[in-house]
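Below are structures written as structure tokens.
Across the two complexes that follow, chain A remains constant while its partner is chain B and subsequently chain C.
Moving on to the complex of A and B:
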């Protein structure tokens, strides 16, 4: 055990890091960045607050706080219990898991591509997943469930975009334009399928094309909820390698990190999360941009805020859904449109601001 | 007069006339096919009979005649005009931004036009004439937004980032339009079939209000061809040759806005035509903007009209929106261009 006096160049632990001992003799220690911890706690608090507000407010009736709590625990009036437990709670849960999944995928992909604009939505994953999910709903003879199809679609789109433009992680914008092209093809295919089928089937598939928390099929929410925790763990596990990969391939390899494998793993996690999230809420791709950006502002410099991005994405999604329900009530603005309206100016700002163009 | 012949010349005289005539012949054949084939009951043989017996009262086939004259011919005419306008607009925009990927649909020009029309209908306008001028104003706004952003931050020289800025602007305008459609049912009903980009169900009357502005645009294009060819050699060369680059650029943007706004008003936002057509024209004719423009004139209608024919035949008896087909053709071209080892420059 060395003291700070022995290694003058070491960062002072007590100021920036918490070293949590694991085990009795502390052979292992988990080093936690204090600022990131603070940021994550803040985001968690914000998420709980917003989820509470979202449960409270709605077009049917705005319940008082005690009434909401009682209904949540199951001993309120039958109507309140129904509204809270059957209508609002599933919606809030779906918002939390999809927002977290999109934002985590966005954070991983941005880091891997070393480009803050490289979110799954721009690279065409959202549209690919949507096209495949719609294909399964409108009945083109494929009997796979929408989540599985959406997963396949996301994987196909990722393979096309990155396969067509060469290596992953090369700085530059080319693969983004290729992604726009791939996205346009899949968007057109979605339109094609929607025009071919009867109006009922088209209506059944419609929620997947705008991005909304209205439909949220139960099995899709379930499969995403099951996939999100392991994906988050994988993300945390990859954080150290990704932080080093941000520097350069040479540095990363000399420090003993398998650069290619690490990228592949991060990208696979991103593809899985995007596919499953699209199966729940449709293409709400902008969350994948706003969430990590938000988390990066709060977190310590030069870290990959994996947990922070997940929490921030959930916050953004729940907030956007709340806004969409409240702004033009009784009309409900789909969450996809709300996030696009917030996200597009942010995207433009990143693109045009020379200081913001740096890699994440 | 000499100036005019210069302006209208093919660049290298006579070298392209054969090609141009061949393409025009192809266009005529495709136009005939567009009259013969359709999604409905009137098949090609019957349509051919009806076309031959046009003046013959004895064997008058009223149904076939109606289908051809009232349904297919207006689509053909609008397809011709829209194709030529979009193709030339794409070539001009690419020349002025010196960016082979600058496509009106990708840069947010069509989205600006569509958004302006949506806004106008929301505020109670519904006449066809107003729609054209509003669409053109919106196209101008979208065009200026992207180019100003590009100029401001000096990313105009980077083709890829200009496209990204345009794509983002398009997305923003698109979601604003969707918001309006959601908010106002009347607007939604008025516009639902227009926003997807299609030639179906258009009347010949929709075309008439386009002609004044398209005429102005055509005239300006003829006058601008030479200065643009000079600008392709570089700003200094163009100034040395007596042109005014700023004026030329501004005028080109106005022409693009007139063309794209007009085409969008007639057929809705149709993407990727402005990319594919100049790309093919350059491949056939080389980099000279005058030759490119001449070839865009038949090539644009060829692409739009044949895409329209396919859109009628793929899923009979229903139809495919034209925008879907052009995206399926155009996106691979976009990817192909981006994939190239070295980005082509203009």
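Moving on to the complex of A and C:
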């Protein structure tokens, strides 16, 4: 029998923190991966920086940092305060919550499907949510997409995809193919609706078809902001099970994980987040691909970077929106087009690079 | 003696790390297993002896892997029950069952760059919870599992950089860290060369010697005779022979299982039966064998 000093640390001191060991006999012990902690702090710093820049720069006026801060606290000139608090801050918040929601949904779905391509956008959830949102816009003439409609659309698309395949299955190929088909049907429905209505109604629905932070309905932002924190907590709670579920269903079940239930929980969270995020910004699905990939590059291998993906998604969304506003100012490029421009090469890289095709 | 732990045992402050080393008996009663509408096993009654190595053998498609899937709750029975210590495994929460019963699937795949220590750590999963992700007890058991499988020097190496035998030992180490009294293995030596096969079989034997009940599905009848205490021969979903390998394996059984003729001799060293002069039967040559 070797003494503990001779054997390697199964949990290496240099790679992990053991958080909250409350005394010798206390059961509260949480493993925190040092690299993931560092990655999350880095992403959080980046997010704060980008949010600050977004508040500063705009077509109305580029304010100095002190002026921005004063306006943020309601202490500046009335004009500055209006620009910051009424125009820019809601937009930045909308960007953070939608980006975080899309990327968290993407991270969860990629993990349960064991496939990097299985993001909500690619398996048709975005299109389902968009079709329902557009239907409500062109059908009723109200220029609001009720989050409930988009949520229903995402759920219908998920139910169809799930129903067609029965289960997400090994490596998720069938799920992916069925999802692409379901997404195509909903995409076609959206186009059909837009061609059958008046040009004004089609114009009102336009932001939801390309993805933009311009037409964000306040109540949709509120619903998403309320849903995101519990969804993130659920994701963090599921991380332990998802980390083992990455191996294989048989191993996970043998280790005591209710694989089916875990998968349904992750999928449900992803559907809710996607539906509510589409209601705010339209189908900016590429964030669900870019965010988790960005987080995975920064995080420790063989972990499921739930928090990292959420932060990275928010970073990508705010950065893309900022780029879209700055590049051809004063003309604004919708954020959905900017993320598609960044995301498409990434998608091609994943498809063509055999190493990237491995399960997330 | 039963080990039906109360449900409240789950998250008590005192870690229930005392290994359940009383060899349990595993049995099936009227077990029927099917994939979709295809019935593979029907109404099977089986006793798996406690504290021994049981080998399940049979031709391809005889239902032996299906049986293992049923025993390990991967496949829900169409009828009948799987009993562990007299209790239906379906009536136990999957996490509680994971402290009593471990399964090693056939050729499991480890994600890229996962280290041996990280893999073995997963074995502690059923004993942990979100608020108690690691304990000194966990560390001791993981280190012990690495030690038992001779993988201590390789603990920080990626699993996919190991040889086939080392890789299989790493997976077995994960199952050891799970500290279950029963271990099910699906073809633990497939795709391994002779040296690595022996490495794995001897490890399995030492686990049985330490009190575990082992059930393994294997292809190689000679290895089954050499390393198992109990042999179960399956053909088309039925158990057609079971017992001590030396008494169970006959030329007649080999003909029924695999459609080949052979002669049997006794291994002068181990006393296990050896197959020799193996050739196809006339039936097989006529193409009329089942």
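Assume the second predicted complex is superposed on the first by the 333 of 360 C-alpha atoms of A that agree within 3 Å, B and C clash if a C-alpha of one lies under 4 Å from a C-alpha of the other, contacts with A are read in each partner's own complex, and residues count from 1 in each chain.
Just so we're on the same page, a contact is a pair of C-beta atoms (placed from the backbone, for glycine too) under 8 Å apart; a residue touches a chain by one contact, two chains touch by 3 or more.
Everything quoted here is computed from the prediction, not taken from an experiment.
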item: Touching partner for A:301 - first (chain B), second (chain C), both, neither; value: second
item: Touching partner for A:74 - first (chain B), second (chain C), both, neither; value: neither
item: A:196 touches, of chain B and chain C: first, second, both or neither?; value: first
item: Partner chain(s) touched by A:352 [first = chain B, second = chain C, both, neither]; value: first
item: Partner chain(s) touched by A:237 [first = chain B, second = chain C, both, neither]; value: second
item: Which superposed partner A:182 touches (first chain B, second chain C, both, neither); value: first
item: Touched partner set for A:247, first chain B, second chain C, both or neither; value: second
item: Which of chain B and chain C A:117 touches, first, second, both or neither; value: first
item: Those residues of chain A which chain B touches in one complex and chain C touches in the other; value: none
item: Chain A-facing residues of chain B, complex; value: 101, 106, 149, 152-153, 155, 158, 160-161, 163-165, 167-169, 171-172, 174-176, 178-179, 182-183, 196, 271-272, 315, 318-321, 323-325, 327-328, 330-332, 334-335, 338-339, 343
item: In the complex, chain A residues that touch chain B; value: 117, 122, 164-165, 172-174, 176-178, 180-182, 184-185, 187-189, 191-192, 195-196, 210, 328, 331, 333-334, 336-337, 340-341, 344-345, 347-348, 351-354
item: Contact footprint of chain A on chain C as seen in their complex; value: 11, 13, 15, 72-74, 94-99, 101-105, 108-114, 117-118, 120-123, 125-126, 128, 130-135, 138-140, 142-143, 146-147, 152, 155-156, 178
item: Parts of chain A lying in touch with chain C, wherever the complex brings them together; value: 1-2, 4, 7-12, 18, 25-31, 237, 240, 244, 246-251, 253-258, 301-302, 358-359
